[in-house]
Amino acid sequence: MSIDLTDIQLSNAQIAWRAAQDIEDGAYVNLGIGFPEMVARFQPKGHEAIFHTENGVLDFGRAPEPGQEDWDCINAGKKAITTRPGTAFFHHADSFAMVRGGHLDVAILGAYQVAQTGDLANWSTGKGGVPAVGGAMDLVHGAKRVAVLTDHVTKKGQPKLVDKCTLPLTGVGCVTRVYTSLAVIDVEDGVFVLREKVPGISLSDLQSLTGGELKEASKVGDLICPEDL
Amino acid sequence: MDKTVASLAEAVADIPDGATVMIGGFGGSGAPIELIHALIDQGAKDLTIINNNAGNGHVGIAALIEQGRVAKMICSFPRSADPRVFTERYLDGRIALELVPQGTLAERIRAGGAGIPAFYTPTSYGTELAEGKPVETFEGRPYVQERWLKADFALLKAEEADPHGNLTYRMAARNFNPLMATAAATTVVQASRIVPLGGIDPEQVITPGIFVNRIVQVANPAQEEELNRAEAVYP
Amino acid sequence: MSIDLTDIQLSNAQIAWRAAQDIEDGAYVNLGIGFPEMVARFQPKGHEAIFHTENGVLDFGRAPEPGQEDWDCINAGKKAITTRPGTAFFHHADSFAMVRGGHLDVAILGAYQVAQTGDLANWSTGKGGVPAVGGAMDLVHGAKRVAVLTDHVTKKGQPKLVDKCTLPLTGVGCVTRVYTSLAVIDVEDGVFVLREKVPGISLSDLQSLTGGELKEASKVGDLICPEDL
Amino acid sequence: MDKTVASLAEAVADIPDGATVMIGGFGGSGAPIELIHALIDQGAKDLTIINNNAGNGHVGIAALIEQGRVAKMICSFPRSADPRVFTERYLDGRIALELVPQGTLAERIRAGGAGIPAFYTPTSYGTELAEGKPVETFEGRPYVQERWLKADFALLKAEEADPHGNLTYRMAARNFNPLMATAAATTVVQASRIVPLGGIDPEQVITPGIFVNRIVQVANPAQEEELNRAEAVYP
C-alpha cells in the first residue's frame, strides 16, 4: 500500500469535474455540503442542471459576492446563495417530498466508506463526539441515482471502497457510482465495476488500494480531466 | 430547458391503454377540461381515473366515462348535479369504484408524491371503508393504515406556468392539482398563461417545476360548471 | 309514535340558529353540505366565526349575487362563495391537515342516525345506489367538537337518535352534541343527555321519539328560537 | 379577532418548565431570535427544544442552552460554525440528544400537525437511527415506521402577519416554520410586519391563520448569522 499517488491522483476539483460530465441537461441535482458543491461549477457546455437544496430552494443561483449575502437565502451548508429566474422557495416537508419521493435525478455526496454492496457510511466516524446526520439518510434513499465523490483512500492510505462498511451506515445498497481520485467505479450486483482509471496507475495497484473485489468493465476508459482545476 | 409542448394532442399522445391517470379539480373548479377532451380524442381506454368526483353532465370526466374509456374510478364523491353517466354504468357493473374518504384521498396522493408508502389515519376507523385494512393503536386511539397512491400520468390545470414548470393556481381551483403533480410519473399541465422564466415570484410558486413534465397553454379554458349549465356534450 | 309535531317542531333554520348560538367568537368552523350551511347566517351579534371548506378555502365570504359567480371560488358543496379580507387558499392535503390535525373547533354535520355512543351514520343509506362519502369521515375524527343538526325523527316518524346505528357508520364515538327539531341533546358516557327541549312536548313523548336512553340533565332548559326563521 | 400581543414577554409568558418547544429556522435563517431571547428572560427550564440544529455561538438556541435551560434537543444536525455550547454539554451528559434525519424530522412535524400518528419512510433503514423501530415491507422494499412529533409551543419567525395570523415568510427562512405552526398546541409568531386584514393576497398566504395563536411584531429582527459574526453573547 505504499504506492505514491502524489502525481497521479486527481484533485477534488477534478473529481467534481468528472462527476459533472455525467449530469444530463435539465437534471434535478442535490449536491452534498462541502466538496460535492464544486460539481456545480463544471457543467458541460450547453448543459444546465437545476440544483435543489434541502432547506427549501430549487433552481438557485451562484454564491453572491462577499458583502452581498442575504442570510435568509442560504443552502443546506448555510452558505449564502442567490435567486435567479426560475427559483422557487418551499418548506422543509415539501423539500423532502422532492427527495424521498424520487423526484431528484442525482444526489452527489461525500463518503467515509462505500461498500461493494452500495452501502454508504458518511455521517459518523463512530468515535463518539456529537453525531449529526442532516439530510444524508433521506437523500441516499430518495434520488434516482446516488453518486459519491471521494479520495480513493484515506489520508492514512486505507481503502475507502470496502467489502463491508465498518463505520455506521447512512444507507443500505444505495450508491450506484463512485468518482474517486483514481477511478470511476460502478456498484453492480454486489461488486465494484471499474469503468475508468487514471492512466498513471496499474490495475493491480488500483486493486490493492481497493477493499472488495474490483471487476473490470468490458472496456476500461482513461480517466482524464482538465489539468488546470 | 423548456417543458412547453405545442398542442393538447401532443401533451397526451403517449397515455397508453390501461393507464392510471390522476385528474385535478374539485367538481369543475381546477378541472383540466381541454386535456380531458384531448384524451378522449386520443383514444386510450381501460383507464383508471383518480379524481375527487366522477364527472358531471356530459363533458370532462363524464364524457370520458360516457365514451366507455374508464374501467375504474378512485374518488371520494361520485355524485354531482348530473351524475347520470357514472351512475348508470356503475349500477350496470360496467365501471368499478374505489371509494376513499376525501382527506384520505388527498393524503394518499401526497404520500405517493412524498415517498411515504403507508400512513395511519383516524379517518374511516370502524366503518366499512376500513374493512380489510390494518388497524393499529397509538396513544390509546385506533388508526387505520392507508397506502400511497401514484399514477402513470396526471392531467392538471394551472393558472400560470413558466418554461421550467413552476406553477400557480387560481383560487379554489388549486385543490388536488398540486398534490397530483407530485404523484404521477408524467405530469401534464394546461396553463392559462405561460410566462417567461422569472415571471413567477419565487415566494409565490405553488408547484415547483421539479414535479412537472409538460406544459401546454390553454388561454381561455372552459369551466365545467358553465359548460354544464349550457348543457354541453363532448365530443 | 303518533304525536303530531307539526306545530311544535323547529324549522331547519331554527335548528341552525340554535346551533349557531354555541359557536364561540373566533371559532374555526366547518359546516356540512346543505342544511348545516345555514348556521353561518345566524352568528350571535359580536361573534365572528371563521369558516373552513374542505376544498381549500379558509375565512371565506358570503355567496355572491346570482350572475356574479366565479366557479373557481366554490365551497365543498360546489356552491359559489367569495373572498374577504383574511381569506386563504391552500391545497387539499393542507386542508385536511387542518381537519385531521384537530385545528377546527367545530364541525357541524347532518345525520341519518346518531347513536347514544356518539356513533354517526350520515353517508350511506345502505340500500345500494352509488355510495359517496366526501370529507365526512375525516371531519368527524378531526374537529375538536362534532355537532349534528337533524330532524328528531325521520319522515316516517322513526327515531334518528338510536341506541345503535343500523346504517353504515361515518364514525365511531364522534358526536358530542345533537341539535334536533325538538331538543338539544349531548352524548355523554354512552347516553343521550337532554339539555333543552321545545316547550310543546312532554318528556315522555320526547323519550318515545328517541331510540336509546334519554337522561335528563340536572336542569333542562326551554329550547326557544326566533319565530321568524 | 386580533391575535396580536403587545410584547415579546407577553407572547412567551405562559411557557412552563418542562415544556416541549419547537423553534423555527435552519441555522440562522428563519430563527426567531427575539422570541428565544424573550424565553431566556422568562425563565422556563427543563425544556425540550425541537429545531434542525442545536445553536450557534452564544445567541438564540445556543444562549438558551448556555443558560442551562434545555434538557433535551431533538434535531438533525447539532453542528454549526461554533457549536461549543451544545457540544460541551452533550459530551458532559448535561443535555440529551434525539438525532433525527432531516427529512424525517420535517415529516414527523408535518404528521403531528396533520393528525397522522405514524408513517413509513425508507430513510434510516438499516442504520443505527432505525434501531428499535418497526420495519415493514411495502412493494418489496423495507421501510421504517416513524411517529408524529408535536409540541406544547412553537416559536416562529414570519415576514408578514395579519391579525388573523395569516403568514408569509422570507426566502429560505420559510424552512421548518410553516410545519411547526401546525404541530404545536400554542403557536407564537414574531413577524417583521403586521399588515391589516386583507393585506396578504389569499393566494400568497403560506400559513393560514388557523394554525397561529399569537403574533408579536419585531420590526427589524436580528439575523443569527450576523450576531455571530459580531461575536454577540446573550444575555
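In order of appearance the chains are A, B, C and D, and numbering begins at 1 in each one.
In this text, contacts are C-beta pairs under 8 Å (C-beta built on N, C-alpha and C of every residue); 3 or more make two chains touch, one makes a residue touch a chain.
Heads up on the chains, UniProt names are A, C = 3-oxoacid CoA-transferase; B, D = 3-oxoadipate CoA-transferase.
These numbers were taken from a predicted model, which means no experiment stands behind them.
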Treat touching chains as neighbours and tell me the shortest step distance from chain A (3-oxoacid CoA-transferase) to chain C (3-oxoacid CoA-transferase). 2
Looking only at C-beta pairs that count as contacts, which pair of chains has more of them, B-C or C-D? B-C
Separation of the C-alpha centres, chain B (3-oxoadipate CoA-transferase) versus chain C (3-oxoacid CoA-transferase), in whole Å, is 30
Intercentroid distance (Cα basis), chain B (3-oxoadipate CoA-transferase) paired with chain A (3-oxoacid CoA-transferase), Å: 37
Send over the residues of chain D (3-oxoadipate CoA-transferase) in touch with two or more other chains. 107, 110, 114-116, 121-122, 169, 171, 202-203
Can you tell me which residues of chain C (3-oxoacid CoA-transferase) touch two or more of the remaining chains? 83, 89-90, 93, 96, 99-100, 141-142
Tell me the shape of the graph of touching chains, choosing from line, ring, star, complete and other. other
Between which chains is there touch? A-B, A-D, B-C, B-D, C-D
In their shared complex, chain D (3-oxoadipate CoA-transferase) is touched by residues of chain B (3-oxoadipate CoA-transferase) numbered 107, 111, 114-122, 136, 138-139, 141, 143, 147, 168-169, 171, 202-204
Per the touch rule, the chain A (3-oxoacid CoA-transferase) residues reaching chain B (3-oxoadipate CoA-transferase) in their complex are 25-26, 28, 48, 50, 52, 58-59, 83-90, 93-94, 96-104, 141-142
Quick check on the complex: what are the chain D (3-oxoadipate CoA-transferase) residues that touch chain C (3-oxoacid CoA-transferase)? 1, 110, 112-116, 162, 164, 166, 182-183, 196-200, 202-203, 205, 208-211
Okay, in this complex, where on chain D (3-oxoadipate CoA-transferase) does chain A (3-oxoacid CoA-transferase) touch? 26-30, 52, 76-81, 83, 86-87, 90-91, 97, 99-107, 109-110, 121-129, 169-179, 206, 223-226
Could you please specify the touching residues of chain A (3-oxoacid CoA-transferase) with respect to chain D (3-oxoadipate CoA-transferase) in the complex? 53-57, 70-74, 78, 83, 89-93, 95-96, 99-100, 119, 128-138, 141-142, 168-172
